[in-house]
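In what comes next, chain A is part of two complexes: it sits with chain B in the first one and with chain C in the second one.
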Partner chain A sequence: MASWGEASQSRLIGKRITRLSGKDKVTGKAKYTYDINRPGLLYARILRSEVAHAVVLELDLSRAEELPGVHAVLPLTEAGRKLRYQGQEIAAVAAETDDIAKDALRLIYVDLEEQPFVVTEADAMAEGAPQIRDDWQGNRSNPGINEQGDVDAGFSEAAVTVEATYHTPVQTHVCLETHGHVAEWRGEDFLTVWASTQAVFGVRNDLSRRFELPANQVRVITEHMGGGFGSKFGPGVEGHTAAQLAKITKRPVKLMLTRKAEHLVAGNRPSMTQHVKAGATKDGRLIAYDMKGYGTGGISSGAGFQAPYVYHVENQRTERFNVATNAGNQRAMRAPGHPQGAFAMDSLMDELAEKLGMNPLEFRRINDSNEVRQAQYTLGAQEIGWHRRNNVPGSGTGIKKRGMGVGSGQWGGGGGRGTQARVTINPDGTVEAVTGTQDIGTGIRTAIAIIVAEEFGLEPTEIAVQIGDSGPGLPSGGSGGSQTTASVAPVIKTAAAAAKQKLFETVAPLLQTTVDDLRIGKGTIYVASDRTQTITWKQTTGLLGMESITESGNWDQELRQGGVAGTQFAEVEVDTQTGHVKVLKIVAVQDCGLAINRLTTESQINGGVIMGLGQTLLEERIMDPLTGRMLNANLEDYKVPGTYEIPEIKSIVFDTHRKVTGVGEPPCIPTLGAIANAVYNAIGVRIRELPITPDKVLTALAQKKA
Partner chain B sequence: MSEKEKKQSTNISRRSFLKGVGTGTVAATVVPAILVGDAEKAEAQTDDTISTAQIQLAINEQKYTIEVEARTTLLSVLRDGIDTNGNSVDLTGAKLICDRGECGGCTVLVDGKPIYACMMLAMDAQGKQITTVEGIADGNTLHPVQEAFIKHDALMCGFCTPGFVVSSVALLNENKKPTLEEIKNGLSGNTCRCGTYPFIFDAVETAAQKMK
Partner chain C sequence: MDTFSYVNATSLKQVTSLLSDSEWGEVMLIAGGTDLLSELKEYIETPKTLINLKTLPGMDSISSDTSGLKIGALTTVAEIAMHPTIQQHYTVLAQAAASVATPQIRNVGTLGGNLCQRPRCWYYRDETVNCLKKGGDICYAVDGLSKYHAILGGDPVYIVHPSDIAPALIALNATLKITGPDGDKTMKVEEFFTLPSANPFRENVLEPNEIVVEVEVPKPKPNTKSLYLKAREKGAPDFALASVAGVFEMNGKTCQSANVVLGGVAPAPWRSAEAETVLTGKTINDSISMKAGEEAVKDAQPLADNEYKVTLTQNLISRAAMMAVN
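Moving on to the complex of A and B:
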């Protein structure tokens, strides 16, 4: 049975290894799609709707076409069609320079007949609201209802109940490299696309269908990409447009979204509103849970969320639906449905615990059947100093009040089939590992090198890893669901093991020994029964003569495992005069399975915590109900965490077993509840609506006083 | 619709636009041109009278002669500029991320000071020494800041990294031994979305020690 071996025997796996791409990234040499310059490159831009809902009456591209330097103008809508949200595509231009493309957009004439619109959930659900989708009755989807146990009986057993409404607004991904492509045709039948994507093969397959080309006549390259967070799985309108413009002009075309468009049309995390009533028994058992909730994913559905979350409730009834609004559609965003669900559930847990007069940690212990998280509660409480928490919320003295809170999360991340990989040993001792996955920033390139280097007794820097290219014809899945490492690592491991076996088979007779008696040392191969027979890696591969060894791998299920638990503790300081919340410290205890690279795993945990912090305190897409437009579609008014917001973060890689599990998404989940509960513990007033901005804190404090 | 009528239809004032956007079925003619600028102006800007100038820039100790328009930014020259000999400048380390001087992705040194290259006109960079992230290392020898970024994994997707590296170098040139608060202050003009900040702070501390 395949295994990763014991920790004590690992030279590299589980250690802190610096990234292979580090040098290219710190010197500016790393080439992202945005950086691809091709001979004869044209620059493309898209004209987008500035209104939320309209019918196109006329579209005239002629003046834009006449502008010197413009090579093509492509309509992306036509008279009679509807535009249903701000940012929807009207037409695209390809020109000699980006400035000329910008100028040309201004020369496009479009006549629109505006239609009534709604951009907030409340407006969409109001009586007499305009119908947004032709395929729905009203602006609500059919509700999904789930019932377990007997809710009424549960409530009759409850000693305490809490009824509350929790809300999280729409959050946008804010990928620093906007969605974009560089497309280049060779004749009519071969398309190369550099894509800022988290799914190289997904983009290849989509483009092959779109342009009716055989899959092997489309090549997609993503050497580096500047963030995706779930929003970059397909080429989208912009990818199709780039390829179409390149086809028309017979020139390479670069089309990157503007920052504004990135906010408007490149996906977002849907909002969540839930009205929940829950009850617990006197001895602290969560006994009944009744939730009605909704969210908006803009013009699309998909606004689901987890409720209840993590903790066990015997009797529950949930009802949830989507609300359609005239806004850009949602896309998967880092742990879809989990952070918002966790915020509501962890807030609710604390509210129940308080009514019971119970420590919220103790209340969680009673209702959490997950053994890993139970251990994490102990460790996290120790690390944060849980005993220092205010027993009476808001009881601290002074203007700046401190508080502590806890939150929990769970995720899968066990990987899946569909990755093919090749590991090659060349006679000169060089090694190549090739597969069609992509590095979304989590460091899979380095993880692959670590696995191969461990198997061969080499250094990770000695492994040439080729990923982010569909050219070699070795497919791998998209980087979603925290699945990349658990999907790729087993295939790389088995490919490397097979190549090593082949190497041993070739050299054993030459060393006058058996395959079973050969071992890998550091940069060497030796005979186990006679250590005096040790030869270097290069001497060994030199024995291959003219022939390289190339082996493929398979997804061995024994090498991976899904299901991770996470817990975070937060300490905050709230300025009761300004309403400003400063997070002082987060302890993140994250179940990871086997962390191939401890250094990059810690980075991922830090990153998840910081994104969760942003969602809790800063981030919100603000729609103007009067104009139907997003008011903060930039990086100035849409706040993402910056240096001042960063607390001390203690990221604890909580290894629970020796099997690979993904960890990209889970660390962003427990942060919300932990911070929100810490704010409550500090000031004694609960804020049930994110983000917890100073205005909300001051309002809550004023209401408490009154 | 005649050309004249079309031109007239673009002359909707901001006020009449807002009037036409409320709820209720209002037939309003909305030309996006007015929302992004003035179409008349755009036309004037792009006719034959548009003026360009040949300028000389000193980037990473190399001289470039480039033809630019008045509106061309320094960032645009670094990334997309082509010199008078037809060679691409191709210094793509600095990135356009926010396009409004907010995120620091395009940070370069101008006479040793960190500036946002998206906010500086190329013409204004004449006569100054420009150092991009590509010019931070000494040949193959990395700058201590770069070494420390790699060591501490102060990068994930890496898209913001060039800006952070340049800002960190600028910070350490000014302040040899910054405290954590001073590091946060010095790098507050840069934004990372992957959340690498804690390791960036560690890296700057390590680099400071090494540069002592």
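Moving on to the complex of A and C:
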């Protein structure tokens, strides 16, 4: 049975190993799609609707086409068609320089007949609201209703009940590198695209369908990419446009989204509003849960969320629906549906615990059947110093008040089939590992090197890892669902093991022993039964003569496992004069199985916490009911955490077994509830609407006073 | 941005004459460019010519003597923030400068540019929204979203003045030297700024052919305590939700005179005579400092989304006053 072996036997796996691409990234040597410049490159830009809802009456591209330096102008809509959100594509231009392209956009004449619009959920659901989608009746989707147990009976058993409304606004992905592509045709029948994507093969397959090319005549390259978070699975309109413009002009074309477009059209986490009533028994059992909720994914649906979440409720009824608004569509975003669900559930849990006069952690223990999280509660509470929290919320003295809170989360991350990989040992001792995955930032490139290096007794830096390229024809799935490592690692491991086996077969006769009696040491191969018999790695590979060893692997399910639990504790300090919330510390206890690289696993936890913190305290897509525009489609008013916001983060890799499990998404989930509950514990007034900004804190404090 | 020609300034005379010979907005001045460039990129301004002031000699230094400070308009925000004399004797100014944006912006942004920067209002900064400040009919903040807008002096344009340095300079009784085609003139920094009721399109009284060349700050008395408090949503970079520049002449716990100037709450830096009156001659304690805050905002007229700024401003003033004695 395949296994990763004992921890004590691992030289590299599970250790803290510096990211292979780290130095290149911080020195600017790493080439992102943005950095790709090809001979004869043209620059493309897209003209977008500035209004939320309109009918195109006329589109005239001629003046743009006549501008010197413009090579192509491509309509992306036509007279008679509707534009349903700000940012929707009207036309695209490819020109000699980016400046010319930008000037050309301003020469495109488009006559729009503006239509009534709705950009907020409330406006969309109001009586007489304009119809947004032609395929819906009104602006609400049919509700999904789910019922388990007997809710009414549950409430009759409840000693306490809480009724509350929780809201999280739309959050945008804010990929540091905006979406974009460089497209280049060789003749009419071979397309190469450098893409900022989290799914190299997904983009390849999409483009091959779009341009009716055989899959092996499209090559997609993503050596490095600057963040995706779920928003970069396909080429999208901008990718299709880049390839189309390149085809028309017979020149390579670069088309990167502007920061504004990135906010408007490149996806977002939908909003959530929950009206929830829940009850608990006197002894602290969550007994009844009744929730009606909705969210907006803009013009698309998909605004689902988890409710109830993590904790077990015997009797529950939930009803949820989507609200259509004139805004850019949602896309998967780091643990879709979970952070917002966790915020509501963990807030609710604290509200119930308080009514019961129970420690919120104790109340969780009673209602959480997950053994891993039970252990995490103990560890996390110890690390944060849970005993220091205010027994009476808001009871701290002084202007700046401290408080503590806890939140929980869960995720899958067990990986899946569909990865092919090749590990090659060359006669000169060099090693290559090739697969079609991509490094969305989690460090899979380094993880692959670690696995191969461990198998061969080499150093990770000695392994040439080639990923992010469909060229070698070794597919792998998109980096989503925290699936990458658990999908790729078993294939790499089995490929490396197979190559090692082949190498042993070569060397066994020389050492006058059997393959089974051979072992790998650091840079050497030795005979287990007679340790004096050794041969260096290079001597061994030299025996290969002209022939490299190349082996592929398989997704051995014994090497991976799905299902993780996590919990986080937050300590905050609230300035009651300014309403500012400062997070002092987060303890993040994250179950993840075998961490191939402990360092990058911790980095993923840190990143998740920071993203969760941003969603809790800062981030919100602000849509203006007056103009239909997003007012903060920039990084000035759309605020993401910076160095001042980032607290001490104690990331605890909570290994529960020695099988690989993904951990990219789950650490962003428990942060919201932990911080929100800590704010309540600090000031004794609950904020049920994110983000918890000074205006909300001051307003809440004023209401408490009054 | 639109194409423009770029002229390196050789003398103030040349600059003022180029400005005089052009229509309003056709020729614009650039120093650090941290504000102007984003206006150009967003087509908020579309000048035909930019004059680079950085080539003007002798306008980028700080000198100090017993009577006070002279700071050239081309001095960077970072130089002001890090100047030892300013940190020690003009603390409010050093703190205000240090609170501006990010190190990168402070390293290139200049004093003159900071004083003459344009509003951050999200309607104003959107090319496609023709708001009152840009010659349209309405201030969108009135019926739109107004979280970051004015609570004092707004009518009819509810922008807030974004400068941190301006409130500090006003609190220090600083004066500006301005050069025009007819020579130099000086005015109080306080008089430099103007409210939308007087001119909805501009934030100051600079004539189209004038340029700010220097700021002069009288030296505060030795018994002065000065400080700058800035409330913001995010540590950096972020503009003030509200800020207070406080300069207090103290005799023990008694405030002999107080200068209290607010940022982030009005279309111009807002001197709070009300707070100053409450504090002057009083022993500073909790109740006096709270009274100062209350008086300062008693005429505040918040919009739909910024009532919190009233409380915030009040609290910041109280805090500033208490910090004068602690």
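Methods note: the second predicted complex is superposed on the first by the 706 of 706 C-alpha atoms of A that agree within 3 Å, B and C clash if a C-alpha of one lies under 4 Å from a C-alpha of the other, contacts with A are read in each partner's own complex, and residues count from 1 in each chain.
Everything below uses one rule, namely that a contact is a pair of C-beta atoms (placed from the backbone, for glycine too) under 8 Å apart; a residue touches a chain by one contact, two chains touch by 3 or more.
Bear in mind the structure is a predicted one, so any value in this text is a computation, not a measurement.
Student: Answer with first, second, both or neither: which of chain B and chain C does A:G385 touch in the superposed model?
Tutor: The answer is neither, since A:G385 touches no partner chain.
Student: Going by the contact rule set out at the top, does A:T578 touch chain B (first), chain C (second), both, or neither?
Tutor: A:T578: touches chain C, not chain B.
Student: Contact-wise, after the overlay, does A:G40 reach chain B, chain C, both or neither (first, second, both, neither)?
Tutor: After superposing on A, A:G40 lies clear of both chain B and chain C.
Student: Could you look at A:T97 and tell me whether it touches chain B, chain C, both or neither (first, second, both, neither)?
Tutor: Once the two structures are laid over each other on A, A:T97 reaches chain B alone.
Student: If you count the residues of chain A that each partner touches, which comes out higher, chain B or chain C?
Tutor: If we count touched residues of chain A for both partners, the winner is B.
Student: Just chain B (first), just chain C (second), both, or neither: which does A:F117 touch?
Tutor: In the superposed model, A:F117 contacts chain B only, not chain C.
Student: So, A:G226: does it touch chain B (first), chain C (second), both, or neither?
Tutor: A:G226 sits against chain B, while chain C stays out of touch.
Student: For A:E602 in the superposed arrangement: first (chain B), second (chain C), both or neither?
Tutor: first
Student: When the two structures are overlaid on chain A, which partner does A:L618 contact: first (chain B), second (chain C), both, or neither?
Tutor: second
Student: For A:L698, select first, second, both or neither according to whether it touches chain B, chain C, the two together, or no partner.
Tutor: A:L698 contacts chain C only, not chain B.
Student: Starting from the residues of chain A touching chain B, keep only those that also touch chain C in the other complex, and list them.
Tutor: Residues 50, 103, 626-627, 636, 641-644, which sit in both footprints.
Student: Could you pull out which chain B residues touch chain A in their complex?
Tutor: Listed in rising order, the residues are 1, 6, 9, 18, 20-33, 35-37, 39, 42-43, 45-46, 69, 71-72, 76, 79-80, 88, 90-100, 102-103, 105, 132-134, 136-137, 142, 145-146, 149-151, 153, 155-162, 165, 183-185, 187-188, 190-199, 201.
Student: Over in the complex, which chain A residues touch chain B? Could you list them?
Tutor: 18-19, 21-32, 34-35, 37, 43, 47-51, 54, 58, 60, 67-68, 90, 97-100, 103, 105-117, 130, 174-177, 224-227, 229, 258-259, 440-443, 599-600, 602-604, 606-611, 626-628, 634-636, 640-644, 646, 648-649
Student: Quick one: in the complex, what on chain C touches chain A?
Tutor: 1-3, 120, 122-123, 126, 128-129, 140, 143-145, 147-148, 231, 233-238, 241, 305-309, 311-312, 315-316, 318-319
Student: Would you tell me which residues of chain A are touching chain C in their complex?
Tutor: It is residues 50, 102-103, 399, 577-580, 618, 622, 624-627, 629, 631-632, 636-637, 639, 641-645, 693-696, 698-699, 702 of chain A that touch chain C.
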